[in-house]
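Chain lettering (A, B, C, D, E and F) follows the sequence in which the chains are written, and residue indices restart at 1 in each chain.
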Amino acid sequence: MLKKIVLTGAAGELGSTLREPLSRMCEALVCVDLKDAPGPLASNESWAVADCAELDQVAPLMEGAEIIVNFVGIPDERSFEELLRPNFLSSYVIWEAAYRAGVRRVVYASSVHAVGMWETNAGIDTDAPHRPDTFYGLSKCFAEDLARLYWEKRGLEAVCLRIFSATESPENPRALGTWLSRRDLVHLVERAVDSPTTGFCVVYGVSDNDRSPVSNARVAFLGYRPRDNAETHAAAILAKASRPDPSNLAQMRLGGPFATVALGESGVAGLAKLVKGG
Amino acid sequence: MLKKIVLTGAAGELGSTLREPLSRMCEALVCVDLKDAPGPLASNESWAVADCAELDQVAPLMEGAEIIVNFVGIPDERSFEELLRPNFLSSYVIWEAAYRAGVRRVVYASSVHAVGMWETNAGIDTDAPHRPDTFYGLSKCFAEDLARLYWEKRGLEAVCLRIFSATESPENPRALGTWLSRRDLVHLVERAVDSPTTGFCVVYGVSDNDRSPVSNARVAFLGYRPRDNAETHAAAILAKASRPDPSNLAQMRLGGPFATVALGESGVAGLAKLVKGG
Amino acid sequence: MLKKIVLTGAAGELGSTLREPLSRMCEALVCVDLKDAPGPLASNESWAVADCAELDQVAPLMEGAEIIVNFVGIPDERSFEELLRPNFLSSYVIWEAAYRAGVRRVVYASSVHAVGMWETNAGIDTDAPHRPDTFYGLSKCFAEDLARLYWEKRGLEAVCLRIFSATESPENPRALGTWLSRRDLVHLVERAVDSPTTGFCVVYGVSDNDRSPVSNARVAFLGYRPRDNAETHAAAILAKASRPDPSNLAQMRLGGPFATVALGESGVAGLAKLVKGG
Amino acid sequence: MLKKIVLTGAAGELGSTLREPLSRMCEALVCVDLKDAPGPLASNESWAVADCAELDQVAPLMEGAEIIVNFVGIPDERSFEELLRPNFLSSYVIWEAAYRAGVRRVVYASSVHAVGMWETNAGIDTDAPHRPDTFYGLSKCFAEDLARLYWEKRGLEAVCLRIFSATESPENPRALGTWLSRRDLVHLVERAVDSPTTGFCVVYGVSDNDRSPVSNARVAFLGYRPRDNAETHAAAILAKASRPDPSNLAQMRLGGPFATVALGESGVAGLAKLVKGG
Amino acid sequence: MLKKIVLTGAAGELGSTLREPLSRMCEALVCVDLKDAPGPLASNESWAVADCAELDQVAPLMEGAEIIVNFVGIPDERSFEELLRPNFLSSYVIWEAAYRAGVRRVVYASSVHAVGMWETNAGIDTDAPHRPDTFYGLSKCFAEDLARLYWEKRGLEAVCLRIFSATESPENPRALGTWLSRRDLVHLVERAVDSPTTGFCVVYGVSDNDRSPVSNARVAFLGYRPRDNAETHAAAILAKASRPDPSNLAQMRLGGPFATVALGESGVAGLAKLVKGG
Amino acid sequence: MLKKIVLTGAAGELGSTLREPLSRMCEALVCVDLKDAPGPLASNESWAVADCAELDQVAPLMEGAEIIVNFVGIPDERSFEELLRPNFLSSYVIWEAAYRAGVRRVVYASSVHAVGMWETNAGIDTDAPHRPDTFYGLSKCFAEDLARLYWEKRGLEAVCLRIFSATESPENPRALGTWLSRRDLVHLVERAVDSPTTGFCVVYGVSDNDRSPVSNARVAFLGYRPRDNAETHAAAILAKASRPDPSNLAQMRLGGPFATVALGESGVAGLAKLVKGG
């Protein structure tokens, strides 16, 4: 049982999912977000409204924490200027504050978009070089390199979760490979938290889909064993899918629609369009 | 539901197995073979007798097809001259006709014998260089390179299935590792057909055998998840197996008896002899 | 059914476990140890007291044997001088005697400690270079290289089992990844014995633990499919574990406490201390 | 002969070195710096005082440029806050302005410190993952990933020069391997400019030193063939060198003193101390 | 001094260059071509007019030969049908005839176009998988795989020379990297002939150009050490070069214009156009 | 200038060559051998007769030494029993004594025969796994692993020189690739001694031969730049060479005649026979 976990981005879609399971792993869970708490808290939960790009707001919250689960940031493509504070600067601030407070580990919501320009049929593993597909992906590359720096120079551990399509259910042909179920997300975070030591490592956050395009073989020590499989939705999804087009990078690269969206324009919107068209 | 699939080599042992499952995936299945149809056809099935080494015979059959499942060719070692038309030239003709007709993808019956000289204990994956063991294997290397060329220059997709021992049941010690069940063959072809986009890729056609010697990790995106396992036959097969001999390449290379057969001489006959002796 | 198997180190903890299953695989099982037989023998079992570092004692026992299962040696760190005979010289003697007697294969109890200085989060496979953590590990490196030499120069096969934590049940956080159950050990040895041909190869002896840190993908042909999983003990073990410390090599390297123990000093004792402290 | 080159950081130590050779490669060389021009300009040279972290200051200077030689930034470790504008934001601004102006390529002064935590005896090549040693190194990782993004999404080429020890002459034992002479620096930049097409690539900026620890084999197409060799200074330097200490990361990692300096503290100062003590 | 060498394609541009140096390496040089001898022969030279796609024409010429230098074939892209006999079938015929005659080695004029779709800035070595850019390149892939088959199954050695731009002098920007001088071609063939044993291997035929894009490091044992360097022509060539265009595969792939030419259309013509336009 | 170097095996052929150059690098050179000094000593040289397999004989000689140059051992294949003391045990004793005396580094005469079963045309680098060709080669594998252990556990550096054919001049076709001239040997040892820090590393000891079959690219930091080239002897050697035979491992593996010699029988004698027959 950990003394204290800090969860940043606690009001976000994924952050909300993690509150309950994280609260069971520690004596005190401190949720942090720019927004107010959306409702009642668990008995060992507290809520802090703070801007994670501001060191003086974040630093006090870290006191006594053992592990930070860092899910802060805009989860979509935006202009570089819009992402600068919530996605780039917040990473620096959170790692720096964590280091100063003697925190042991940061579990970070990185993203497939750090390697989104890789070909889906390349079968990359966690050693592949960065190939961001958007400014959003670039912010994840930045944080991963930062995480490695803090580990190598300061001994602060980091587990970077390259989250794929974390939705209630798979919604399009790409998600047959890239879906991450809620249950598997929670399991992944639990392992990233409870592994006794991790150093710096990167792990793909994807369910046990038949068509999962990447390999976690090099970080098997983490014990991430997903149980859900998007294939149960395959027939329905493929039946209404739009025409396959191998000349379309959105269908051929890990990043999906982010691989073709213009820099600075929402990839989620592009995805939605793609699904509707499906 | 695809509009039209063309299955070449439809009268062959494996081609016959694929007719029924393919007919369920499309509105029209066109079966092509040098031989006549062996019996009644499904309602959406038609049969064309054609020499796949002749472009003018093949071209008309391709009109309107989306996917070609190319299982044409002699499935055994022969002299180069005997293989030239059915195995080499037919590949060129089928890809060229498919390209001209605007076909989207060729699913090709390649073979383990394209890499048959690799050591069984090397644990190769789908990136290993060609090491053919026979002229037969060489014809598969030729078609794989041709497939890559048509993809890179002309955008015609290809999934090359390196089929191992596709028999009713495993028949000798090698097959404990190399067996491909009928059910898994069908599943493999279905995934090669229904994957929305594939580009060019190679996948090993082997069941989920305990002793399967190769890895499909790099093409996991295809979603091939075999379910059969030759190990259920292990006790019976090993009990009557001939003496293990590590100085015998037929026991030490992926190609099995093809690794030792003289060029131009039937490897299947060699295999049969080996089994009887077993 | 093999004619004769010789099991060296038959009185040791692991050797004892193997007697019954090996006796079922052959007409005659010859157990060899420095110690007397601990009790009654199976009907097809015989027992020989011999010093495996002495060629003239070992050689006669090899006559007519097909496979040697070599589990002789001190299973812990000691001074080089203490390990010289039982761990180094016995390997030479056993391989040399086996070769002279026309034995087909040696199955060898190597150890994780041949690669114990590798980082746990590096995800190595069976191709990783030697990085011994102790003189004990060095004796395993020596035997593996010797095994390869006898295979390449003399055609004597070898399967080197890099055994991890072979205990009744997992006993500490590291063992959540490294545990090898008794059942899986037996299964591993059975496969190393019954595989028709193996050449020279190395395989990790670890159960199907969620957190298993290494990969056997390259030797899949052996058909080792472990069934036990230390994760069932995770909650209990992690609840009483000592504080994680990523600056402690014993928590960050495959070798565990052997990675930090002084050369020549017992790593098992170090481990015991660690467990008690846990 | 190029129409226009823009050189940012033109008043810096390395920027100053590049003015004359770049002015010979184009019709118009635009030098940009926060500082005024240090003296008279060449006839085809102009000078602009601008803050490269401000898009509206940089954008107008890019009009009509074919190639940007981007040497802006603090060439040493500082706090993250101090580096944010000159090293991080200026990279975004320069690439964005270059893209908007239709520039063809950015030649960028990256640094060994993007990979400074790699072991000197690892012999890495240009494919090795980022392992920054400082915030300074992190700013180089950021710009390299940004450069790849602009290439993959927008077709703007980039050559990232990982400059090692660019000094008048080698000054310490590490520099026997890491020295980059003025002449070789100029040659490297010339090739990065005159190569007809480059896509995105990374090249190590190091002279033809006997002891050069890294390999440019993968980017041989650039034609960088250095001619100077620090070895001519070896006797003098080694004679007065301090005691070798393999437990000191500053002597064992590519980044040298940056590998041990505290994050945010000047590595150049650490280096100077190291040299004086030498 | 070898007894007999057979040079096929002896009337071709490269074949002609090789006659004199090969005649000095053997007692008897047999030149073979579809065309008549263009002029007087050396004293130990004979000339045979033969179609190398016809086994009965080729076989008698092989009697007593030790080494075949196989430069037969159309050195340009053509339709598959046009290339079938001179480039595909001749390879089979020559290897088969060589094998039957007990020849020791075939030195083969392969081509960069066997790997022409690889990115120039990928820095590939001789292990890279085939990526042909044309039917012409496909014929080279076919022959290389055939060569490996004859080596692995029949012990007939082969050295496959992947010849780049073998012209009198470099003629365009690409050739600054890809030029192979006459002198270096001769040197390469000499080493391929005089190396005592070679097994099967592939070597890039490219001069010691500053900008040579590929590596022969893995076949250093051949002793190919080119002496010419296209860089002496760089200033002149770059001065009149057409606009660099990284979106043009002809400028970004090893195959140059062959990477963009339509299948079946002359790449040499495309190249000529490109040079004139330059 | 080093205080003290100890040279073991000083009376051997290579040891003798190293005395003079090493004596110039230190204040005191201590030569150790089983044999007496062969003649007069340099002014700063002393000579100790000692058995390097005896710790109590070696330990006193190490006092105050900074670097050990360990060239002790039989330089040829013998039975394991004959090699045990001079080649295996002496390595343990020397490293142990060096460690106890606080020595900084051991420079060790390893050998190509640690990897002698590798194919000559594989182009291996210094990362290739051990593949010893003899008991002699096995003794080198043992010492290299020991060296790594002492570095990783005890911080004692080691440079393992895999010496190839260290003879006055190249004597046979294999030596055109494998020759190591006296001058280059001395240069190699000098660099192994004067490199400020090395950790554990392996370097091939081979001259700058055109036909050198291996790569030192990964240990370029050592600054080994050989200057001699066996090619000047090529014409003479090849003229009288015996018939090439690619089915003869002695001609196809790095170890040359050691790859075929029976275990325990002199490879040097085999080599001599091969040369005379040449």
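The rule is simple: a residue touches a chain if its C-beta (ideal position, glycine included) is under 8 Å from a C-beta of that chain, and two chains touch if they have at least 3 such contacts.
In this text, all values refer to a predicted model and were calculated from it rather than measured experimentally.
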Lowest number of touching-chain links that must be crossed from subunit D to subunit F: 1
Type of subunit D:subunit E copy interface by residue overlap (half), same or different: different
Chain pair repeating D-F, as identified from C-F, B-E or A-B when over half of the contact pairs by residue number coincide: A-B
Cα-centroid distance, subunit A relative to subunit D, in whole angstrom: 32
Centroid spacing, where centroids are CA-atom means, of subunit A and subunit C in whole angstrom: 40
Junction residues of subunit D, two or more chains touched: 217
Every chain pair meeting the contact rule: A-B, A-C, A-D, B-C, B-E, C-F, D-E, D-F, E-F
Subunit C residues within the subunit B interface of the complex: 1, 104, 155, 157, 194-201, 217-225
Residue ranges of subunit A in contact with subunit B within the complex: 119-123, 173-174, 176-177, 209-215, 217, 231, 234, 238-239, 241, 244-248, 251-252
Residues of subunit D touching subunit A in the complex: 80, 88, 92, 96, 117, 127, 129-135, 137-138, 141-142, 145-146, 148-149, 152-154, 263
